[in-house]
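Note that the chains take the letters A, B, C and D in the order they are written out, and that residue 1 is the start of every chain.
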Amino acid sequence: MQIHEFQAKNIFKEYGIPVPEGEIANNPQEAISVMEKLNSKVVVKAQVHSGGRGKVGGVKLAENSDDVFRFSSEMIGRKLVTNQTAGNGLPVNKVLIEKVTEIETELYLAVTMDYESGSPVVIISTEGGMEIETIAEKNPEKILKIFGDPLLELLPYKIRKLFEKLNIEPSLYKQFSSIILKVYKIFVEKDCSLIEINPLVISNEKFIALDAKISIEEDALFRQTKIQDLFDSTQIDPLELEALKYDLSYVKLYDGDVGCMVNGAGLAMATMDITVKAGTKPANFLDVGGSADQNKIKKAFEIITEDSDVKVILVNLFGGILRCDIAAQGIIEALKDKKEYPSIIGVFRGTNSEEAKRILTDSKIKLIFAEDLIDAAKKIKEIE
Amino acid sequence: MTILIHSETKMVVQGLGRDGSFQASKCKSYGTPIVSAVHPGRGGLYFEDSVPIFDSVEESVDTTGANLGLIFVPAPFALDAIIEQVDSGIENIVCITEGIPVQDMTKVMSYIEGKKVRLIGPNCPGFICPKENFKAGIIPSEIVSSGPVGVVSRSGTLTYEAIVQLTNLGIGQSACIGIGGDPIHGTSFVDTLRMFEEDNDTKIIVMIGEIGGLREQHAAEYIKSNVSKPVVACIVGQTAPSGRRMGHAGAIVTGKSALAQEKIKVLKSSGAIIAESPTEIGYVIKEILK
Amino acid sequence: MQIHEFQAKNIFKEYGIPVPEGEIANNPQEAISVMEKLNSKVVVKAQVHSGGRGKVGGVKLAENSDDVFRFSSEMIGRKLVTNQTAGNGLPVNKVLIEKVTEIETELYLAVTMDYESGSPVVIISTEGGMEIETIAEKNPEKILKIFGDPLLELLPYKIRKLFEKLNIEPSLYKQFSSIILKVYKIFVEKDCSLIEINPLVISNEKFIALDAKISIEEDALFRQTKIQDLFDSTQIDPLELEALKYDLSYVKLYDGDVGCMVNGAGLAMATMDITVKAGTKPANFLDVGGSADQNKIKKAFEIITEDSDVKVILVNLFGGILRCDIAAQGIIEALKDKKEYPSIIGVFRGTNSEEAKRILTDSKIKLIFAEDLIDAAKKIKEIE
Amino acid sequence: MTILIHSETKMVVQGLGRDGSFQASKCKSYGTPIVSAVHPGRGGLYFEDSVPIFDSVEESVDTTGANLGLIFVPAPFALDAIIEQVDSGIENIVCITEGIPVQDMTKVMSYIEGKKVRLIGPNCPGFICPKENFKAGIIPSEIVSSGPVGVVSRSGTLTYEAIVQLTNLGIGQSACIGIGGDPIHGTSFVDTLRMFEEDNDTKIIVMIGEIGGLREQHAAEYIKSNVSKPVVACIVGQTAPSGRRMGHAGAIVTGKSALAQEKIKVLKSSGAIIAESPTEIGYVIKEILK
């Protein structure tokens, strides 16, 4: 789960990581008051769950109150499309107004989980302000890493090693080490999947986190109750939001038209692959999970049919704990009041699959059965 | 005996919730020697009138000599359950639980490092050995048959897909094992390949991988220098977009090496036979066995 | 370092461990106001760094304000002598006034460090209210233990095991587990050497910590800055307090008359043993440490001479980093303005010991040199 | 070669503060092969004009092949230093530092469990091998002499006391080692007894214990069944009152077994020869060697 920059910065403040002075504004009028309060040139930053805002007008320097009014008016209420957003971009509901910081040195700092070593990793680069992917491609030697130990705090000797490679004024070591330890602490205590400060700058011999990105691991949200409250549903595709409510693993894909409903993540991926092999493109990834009940299947099917991009629906269910007949009922429920819906191809195997086919045949739903995925691929081709 | 079990293997099931009870029952009726179950608060009772339930794993081990553990406890309590099993001396642990926080798993993995214990999973379907009628997990026994193919996969239902194909083509399995869809996990492809290579019952190996991580790359390296048996490999997620998690926490493209194409390339160069799609696995194997 | 019961209970409250309602009172008048505020019968508890207060009038039940006035008057300003205090007892400066708690079940709960396993250990017994040493002797089977792991949090399965052996209402498990986890957390986070709740009671289906004892590990005090502020110098022997200031390892012994000044803890113990072999008794343990300077030696020597129990002084120094000549200067400094002082026997060996002997001989200090400890023992006998 | 060292042992000193520099210099002039030192911020400089200083242990190991570490860093940073040495692959670590928080030491001990590393200390004087002129620690070299007695002790200056007696009586030492006064510590009496038992240069062992803990009890058990050489044991703290810490964090009587008398009793019954007081150690040994 992502949170906004201003929320991340609030957490930073709580842990004692220096951030620029600033406040959130919900409208241009508030933006002006914040600027007056700060009594300085400010930066206006659109609050959306995406990086790359600067390049598309989501971060602007305001010299005076006219600027701040204009920029926040332009941002608030609009959608921001960056190189990281999918679909039509993300709505800006708030802007963060911050005092301008003089920048002497820019660093990139991140903590994330390194799956290879099974440890948190601190990543730092002197190429602050650039996207880490770009640095990794062009100057991989400029990316430095130290690894934590899941059972120990982050040890100072590792931070020292990192610092020595950075060519930063030795007098700043204490500040540096303190920031690394605090970011690491947030990462661990808040069950983060990523904390990114890009850039972390040095300004007048002080480190300041100019930007802040925090993602929380979904699987750990149950114990991060405070973070749960920071959830902003406006930053998520409405269908994905709906799926989230029903604990469905759904990912909207913006360039396809075959809606897929599958049980199991691996099988769902294989199903997507098959649609491509058939010369079409999947409109989504959707795993209903191992033990979905009728209601969950109904909801899943509704989400697919509500997606206007979807022209064909491919259902691929392998009954295990999930009973195919129950699933069939869910599909029937979902289509009960619908007069028009896309063509449906269904593969039903495993527990009670014959029963499912009988139920679906008895219903008035137009559904083409397929024996297996190969057969399904063939039938998709025939339809398109 | 095939991989992971021996004639003295005795299973304890931990977590008799809805799914745990249902699946334990399936394992038992398949023939798996379940000697005990653990569910706090139900100590003294019996599961299906015959399997003693204990409040703690330690009691269960002390009383029944259980040496293989199957865990169904919910994600928030999984770290506790796994370590309870480790601390109680269980040597093989299968954790079915899905959605365990990553940090919990990193702790578990660090904790068991250097200890004489094997963890399979989490977020996996476990394993099944058809010849021995031994099942520790949730792979439907109806679809398996005994034979020469060892199946290993990161996925659950996709594994079933492969198994069904094989069985329908009259090709049986020595053992089928799902190593799980989480990025931090116990037994790896490499561990499983080693076991299959050493197992006399296994003549040919099916490996089903997916996008994300470097597991398939490690497997390729291992296959190249250590596996003499034919390996048929398949990678799903070729059409998954970058940066989005495809269900499995581990199935996310975060760099070039996480891509399906990249994995297929290294597996091919390691000598593995590539099945372009999981739907082709059965036919590829049939071809090899000819 | 020990802290007071009320301070320990404040920490408990911070962590969410239930304690009886109550407040501290510095004088009888305050005690009455607290009782009025609590509007209940109260317990008046003398705040001293010692257990066993109940048996010597340090804990009293007050039915009314006359009681509370009388009891707090009796306690505040006096010294309390318990079976755990040394010397003349400890001064009571404050009393804790608490609402009376109805007791259904009494437990003993402690967390301490188990040196054998190198792990924190949670100790519990159903014999609450009794001293643990007594239980250990009479009913060792009633003491239950679970061990933590230094690199992991305390795992619930261990707490469950403990609970199952206690025969407590299962519905109370959640409360029980929460208290154990919190006490354990305090132990770890505050670098404790001991946390003791005796008794931990069940009252109206609620666990309450009736008493609270927390000791902090001295070696970790440097990072427990908040705890440092809770230090109460009145609860320590004045000479030990003085020693503490100068980082001297000093323990006053109340039944001896040979003052010992030694470098190294082992050698200091051996020196004490020798004084006993010589038919006398040591008045203290004193280790000046490996690298004491002149000033520290001076202070150490002053502490010994200020102890009115001391009749003979035995100095036993083995020069290493510590230079004997510097130590000799320290002794001379300490005695500079003193006209009278006990007989001194000195053993000087190692670095610059000859120089030390020369300096001391040249000074006007009366000091008998001994070759080694055996010789010293002989000479102590001769003096006494 | 006696215990703990071999012909390829190379020492790195970590922490060149006042005491560290002073003691490192003493080790060096005694003949110890110090190949490098570590002190953050002084990388690139030289200690005593000849020993290269590095900013990190890893660099020091990579560059100089150091395999024995001597730690003098202050207590608040000792956990970091010890683990830095472990992580850098140092196999023998001597930690002189006094006053390390107990919880830090429990973490260190858990961390090194199962790893191929030996920790001596903390809060100890280290060790010295007179025949090889090798000293890793702070035992004054002036008082030692080469010979058949292995000395092990929980204490610093008290060890010197014993060594001086031996040397004055013309009895040399194979090695002298202080295992430290902290309750949580690395190398134990048992470990040292094992090394002395296996060492050809050691003919007789002196063990100086004190009140607190069960270390001497464990030693007694070990002596009984595993040590063939004569062991002269001495316990100090016979007059220490209960519940008060006698300097060493580990020297505190907390129960019957922590008492000096109790320890003397079990050592006696294990076959060790008891020196009633440390002042008698020399004479007892002399008697045995007659």
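The rule is simple: a contact is a pair of C-beta atoms (placed from the backbone, for glycine too) under 8 Å apart; a residue touches a chain by one contact, two chains touch by 3 or more.
Here the structure is a predicted model, which means the values were calculated and not measured.
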Work out the mean Cα position per chain and let me know which chain is farthest from chain B. C
Between A-B and A-D, more C-beta pairs in contact link A-B
Report, in whole Å, the distance between the mean C-alpha point of chain C and the mean C-alpha point of chain D. 29
Distance-wise, how many Å sit between the C-alpha centres of chain B and chain C, to the nearest whole number? 55
What are the residues of chain A that contact at least two other chains? 149, 151-152
Identify all positions of chain B at which a residue touches two or more other chains, and write them in rising order. 107, 110-111
Taking the complex as given, what residues does chain B use to touch chain C? 40-41, 43, 55-58, 77, 79-81, 83-84, 107, 110-111
Please output the residues of chain A touching chain B within their complex, sorted ascending. 113, 115-116, 118-120, 136, 149-151, 188, 191, 193, 217, 219-220, 222-223, 249, 251, 253, 262-270, 272-277, 281-282, 285, 287, 290-291, 318, 320-321, 349-351, 372-374, 377
Residue numbers of chain A touching chain D in their complex, please. 149, 151-152, 155-157, 160-161, 164, 170
Which residues of chain A touch chain C in their complex? 151-152
Give every residue of chain D touching chain C within the complex, in rising order. 19, 22-23, 75-76, 98-107, 109-111, 138, 140, 142-143, 153-161, 164, 181, 183-184, 208, 210-211, 213-214, 236-241, 244-251, 255, 277-279
